[in-house]
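Letters A, B, C and D mark the chains as written, and numbering starts fresh at 1 in each.
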Amino acid sequence: MVKGHQRVRDDDEENAGRLLALSDGVFAIAMTLLALDIKLPDGLGPAGFSQALRDVMPKVWAYVLSLLVIAACWRGHYQIFQYVRRVDGTVIRLGLLSLGLVALMPFPTTLLAEYGDQPQSVAVYSGAVAAMVATQLALTIVLWKRPWLGSAALPDPVARNDVADLASTVVVFAAAVPLAFISPTGAKLWWVVLIPVKSMVGRRGKRLRAAAQRFDA
Amino acid sequence: MVKGHQRVRDDDEENAGRLLALSDGVFAIAMTLLALDIKLPDGLGPAGFSQALRDVMPKVWAYVLSLLVIAACWRGHYQIFQYVRRVDGTVIRLGLLSLGLVALMPFPTTLLAEYGDQPQSVAVYSGAVAAMVATQLALTIVLWKRPWLGSAALPDPVARNDVADLASTVVVFAAAVPLAFISPTGAKLWWVVLIPVKSMVGRRGKRLRAAAQRFDA
Amino acid sequence: MVKGHQRVRDDDEENAGRLLALSDGVFAIAMTLLALDIKLPDGLGPAGFSQALRDVMPKVWAYVLSLLVIAACWRGHYQIFQYVRRVDGTVIRLGLLSLGLVALMPFPTTLLAEYGDQPQSVAVYSGAVAAMVATQLALTIVLWKRPWLGSAALPDPVARNDVADLASTVVVFAAAVPLAFISPTGAKLWWVVLIPVKSMVGRRGKRLRAAAQRFDA
Amino acid sequence: MVKGHQRVRDDDEENAGRLLALSDGVFAIAMTLLALDIKLPDGLGPAGFSQALRDVMPKVWAYVLSLLVIAACWRGHYQIFQYVRRVDGTVIRLGLLSLGLVALMPFPTTLLAEYGDQPQSVAVYSGAVAAMVATQLALTIVLWKRPWLGSAALPDPVARNDVADLASTVVVFAAAVPLAFISPTGAKLWWVVLIPVKSMVGRRGKRLRAAAQRFDA
């Protein structure tokens, strides 16, 4: 009977494995495709070349910005799935939705890089980030409420802090959508609010995790 | 002798592993490349920008539609290979054919997004989906008839229901090919027939799987 | 001491694992990027659309042809690495060279699809396939001569037959390079020579493998 | 308690696994995307075709050059992570930064291929390579100083030699940045300095590793 239980667990690990393989593939491509947009036209003279190189700089900054966003999403994804062994229909559906939004990120990023002064660009970018983080929030809640899917149950205070962390990101970026139509620059400055919030929530999470580990030992 | 048997099983798991790694790579790229098409031309003024943003919306909807199709294909692929440990020549050939069709999906999708009112677009899209699902149907039948390739044999009623599920999708999309030349819009509405069919077959599959598990225990 | 030996073997399996993961990634992308070239220009009228759809057909055939070539390369790669557990510097260098050639395949394929009547296109395509298969031939010989890298030694008659199989492909495609400058169509017909050759060698390989397995048991 | 320790180690191996899967994905895409740039315009006549084929040759050489650079980076990455089982925040951040730079490599390469006579192209390319190798240097130092993350501690003389190897690459390419503004050709020749340096350091590394293994046995 122990043998049989082992078989079932192995099959479930395999399942989570394929969702993670698909996810890492999508993250890898989204990270790389953003860089694909950074290029110069052919056949420029020396003066045109220098100008084109200066013109391409906004795209480089957009790449850096979006690399940070996608890398942060990957870190979130990695933390969410760290102890997950089994996946059910709801987790797969949310996971695929989240990947669809990650794959979409090159579009709002290019928009922001080329038309960053337009309200719609800032609104679309903020909305895309908010939607992507919202799916991570939903995944976190689902996995917290279904501890049988993981190899270890997250202590409630830690899970609640993780939810607060993701929820604050969703709220800030969602609020930036209407803000962008009043002032695109204002909305971009508003994003900065997240730095102190996330730093505070992050420090609290570290403290809670350490406490939970002390309690375990 | 148990040792020897173990070695053979491990090698076969490794083999299925590489086909799955290749598959997850192709699915990840197909999901991401569809989004690559969503972009605006450079150097537009505010009015041209708003217009271009409106013009890009059909591509966004096509991306959403095709993400759903490719995600559904991945779920089908994942369910088909869930208990598969060994792969033989036939499974590899069918698997590679199926990947070739998944990799092709961005073309019919772009066609549908940009020329959705043309009969040929709807016909090509319907034909591509029908062909892709047909390879999944063939894989399901091959694996059902060769239980030695898997870690667990699928009970016959469950397998028969899975075959009915995939076959109904093939039939609906294949029938949409000639329908598209009579009325492109009619063919798109005809796709909707699949929603009640798949929901009914899906519910039946859930019931059969539960019964099989009760029988197992 | 058995424990220590185990550790070394595990580390080596991990190493082969990363080379295979990189390889499957490159194969997946090469398979998918070929399909990226199949697309229509924007904003065509009904007549222009039908014409563009007819014009895109050579690209579809080139995709099918190259999918077959890359799929065959993947199958070769999978058979070569089936029993490989350790990789050394030579295998890694040959493996990376082989991936570089696989990644290059979309170029000769596009060339063949768009300028298939030009001698240079047929020559470049033939040369690329010959080079790619030549690296597989080199890998096969290296791994045959270093049995300590694998989990099972290939019997000499089987290995010799595999070498003959790959060498015949290299010879046919290499010979097509000068042939293409005499007659592009002739060179394409010359490729067909491979069908009876590979079928014969393949059948012999199957017989030899079966004989080796009988000897094992 | 041994059981508990086992669980923790397995979880950490899983974690390193996902960072490596993401990395292999990015390397695979960066290797393949470089080849995407090699293509001819549509609809050329025989004379224009021959001319275009000659014009595309610089891109082919740039692809070969960058394939060598990215393959060398992958080999470095593979050697750095060979014995790594656990990853902490610092390793993940450095790993993601390094991937961001690998994903960026197609841009400086295209620059070098198309505008190789411009000082800025050589400077950007040299700077990109220097930055990418600098992150590998940082990773090597971090992992050397945190032996608990690996399955085996690197002997100090071996680690010091690896650091010298990477540091020499960083220094040569960083020095090429200002050099490029004096003479682009001179900076390219200066790169060649690395061949004897790396060959000497490499041979020393091989000797030190062999000595360490003798000491182990």
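Operating definition for what follows: a residue touches a chain if its C-beta (ideal position, glycine included) is under 8 Å from a C-beta of that chain, and two chains touch if they have at least 3 such contacts.
Worth saying up front: this structure is predicted, and the values here are computed from it rather than measured.
Enquirer: What is the Cα-based rotation angle between copies chain A and chain D, on a 0 to 180° scale and rounded to a multiple of 5?
Expert: 90
Enquirer: Would the interface of chain C with chain D count as same or different, where same needs over half of all numbers used to appear in both copies?
Expert: different
Enquirer: Farthest chain from chain D, going by the mean of C-alpha atoms per chain?
Expert: Ranked by distance of C-alpha centres from chain D, the top chain is B.
Enquirer: Just the number, please: Cα centre separation of chain B and chain C in whole Å.
Expert: Inter-chain centre distance comes to 26 Å.
Enquirer: For chain B versus chain D, what separation do you get between their C-alpha means, in angstrom?
Expert: 37
Enquirer: What are the residue numbers in chain D that touch two or more other chains?
Expert: 21, 25, 28-29, 33
Enquirer: Mind pulling up the chain B residues that touch chain C in the complex?
Expert: Answer in residue numbers: 7, 11, 14-15, 18-19, 21-22, 25-26, 28-30, 33, 92, 96, 99-100, 103-104, 106-107, 110-111, 114-115, 118, 120.
Enquirer: Of all residues in chain C, which touch chain B in the complex?
Expert: Per the touch definition, chain C meets chain B at residues 20-21, 24-25, 27-29, 31-32, 34-36, 38-40, 42, 44, 46, 49-50, 53, 63-64, 67, 71, 74-75, 78, 82-83, 151.
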